[in-house]
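Paired with subunit B in one complex and with subunit C in the other, subunit A is shared by the two complexes that follow.
Up next, the complex of A and B:
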């Protein structure tokens, strides 16, 4: 079973996402929540980080945090999956452990 | 010398992930109540504070974004948005809140006090300010 990596910091403000992407292995899953959701948007200076990760990892974004910030689903990077709180729990359950990049 | 000072509120954080955005808004309203000349600048992730369509029902936090629309009524005359920060995030002025302003005495009106400015202009505005509050 693979790990679930969580990122809750903006990619424009902190390097949490960079380090997560550098140290997470192929086949693992990444969940973006709180200010981490900004990384899931297409057309930004950080978009390439996620499109690159999607080549060998799964990327999820927590919908309540995404909506709270006024972000639109049609601007989500293709391949990123939206999950709700129950989906978050399912991811945790399906992975061997959770590695938080705070 | 006038007692009225030029206050600049520098907002550099996204809403909800931290308390900075909300705290700034609280202090802006207090400063405006004391009849100071209040301007706001939105830089870096601070530009996200002005994005329309925020819906916090799923995260159990107060959606304070409607307050920005009313700042003109509190005599806030300028809301500057950093062009580079906006572009780096794939945003344009169309994604941001519109804030009207009206002078009650002269009836002068401004349709939208939200203004996108470049770095040179921002640097000038910051230097011209008497006090800069950083959030």
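Up next, the complex of A and C:
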């Protein structure tokens, strides 16, 4: 089983996403929630980090937090999957452990 | 699956309390077990019954209390963090000579050992906050 990494900070505010991407292993999953959802937007200066990670990791975004910030699904980076809180629970259920990058 | 939840931020300042509540609720609704919710640092401010948000705003403290009543949750506030921030139950009021208590129903004040025990007893510890 692989690890689940959670990132709750915007990549434009803190470097939590960079740390997560540097230390997470291939095959692990990353969940972007709270302000972390901004990393899932296509066409930003941070988008390449996520498209790079998608090569060997799965990236998820928490839909309620994404929508709460007025963001639309058509702005999502291709390959990033939307989950709700039940999906968040399933990701935790399926992983070996959860690492929160704050 | 058996979960433990750690909340490190106070309500209304940071989304962590809302995220932790929504996650815990979703996990319980899916039939998972929540062994304990541990409130640490500013997270202890989730445990004051004196909070009075506007009527059209969510009441985070009451949300926790209602969830705890429905699922018999163990809501534990870190004692050292609580003393610093003025979260007081009857035992703490007596010990520290305070003239009032403010702990919300269903919450209890205890030590960091409760967090360690939860981490050992549970399949997963999920941390919310900074």
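The definition used in the following text is that the second predicted complex is superposed on the first by the 102 of 102 C-alpha atoms of A that agree within 3 Å, B and C clash if a C-alpha of one lies under 4 Å from a C-alpha of the other, contacts with A are read in each partner's own complex, and residues count from 1 in each chain.
In this section, a contact is a pair of C-beta atoms (placed from the backbone, for glycine too) under 8 Å apart; a residue touches a chain by one contact, two chains touch by 3 or more.
Given the structure is predicted, the values throughout are model-derived calculations rather than measurements.
Peer 1: Regarding the shared-chain residue A:102, is it in contact with subunit B (first), subunit C (second), both, or neither?
Peer 2: The second partner, subunit C, only.
Peer 1: For A:72, select first, second, both or neither according to whether it touches subunit B, subunit C, the two together, or no partner.
Peer 2: It touches subunit B, and subunit C stays clear.
Peer 1: Which partner does A:93 contact after superposing on A: first (subunit B), second (subunit C), both, neither?
Peer 2: second
Peer 1: Can A:8 be said to touch subunit B (first), subunit C (second), both, or neither?
Peer 2: both
Peer 1: Between subunit B (first) and subunit C (second), which, if any, makes contact with A:44: first, second, both or neither?
Peer 2: In the superposed model, A:44 contacts subunit B only, not subunit C.
Peer 1: Just checking: does A:82 make contact with subunit B only, subunit C only, both, or neither of them? Give me first, second, both or neither.
Peer 2: In the superposition, A:82 contacts neither subunit B nor subunit C.
Peer 1: Which holds for A:64: it touches subunit B only (first), subunit C only (second), both, or neither?
Peer 2: In the superposition, A:64 touches subunit B and subunit C alike.
Peer 1: For subunit A, which residues belong to both interfaces, subunit B and subunit C?
Peer 2: After superposing on chain A, subunit A residues 8, 34-35, 64-65, 84 contact both subunit B and subunit C.
Peer 1: Tell me, which parts of subunit A touch subunit B in their complex?
Peer 2: Listed in rising order, the residues of subunit A that touch subunit B are 8-10, 12-13, 34-35, 38, 41-45, 47, 63-65, 67-72, 75, 84.
Peer 1: Please name which positions on subunit B make contact with subunit A in the complex.
Peer 2: Result: residues 13-18, 44-45, 48, 51-59, 61, 63, 65, 88-90 of subunit B touch subunit A.
Peer 1: Touching residues of subunit C toward subunit A in the complex: what are they?
Peer 2: 1, 3, 15-16, 19, 22-23, 25-27, 29-30, 32, 124-130
Peer 1: Sort out for me which residues of subunit A touch subunit C in the complex.
Peer 2: Residues 8, 33-35, 64-65, 84-86, 88-90, 92-93, 95, 97-98, 100, 102.
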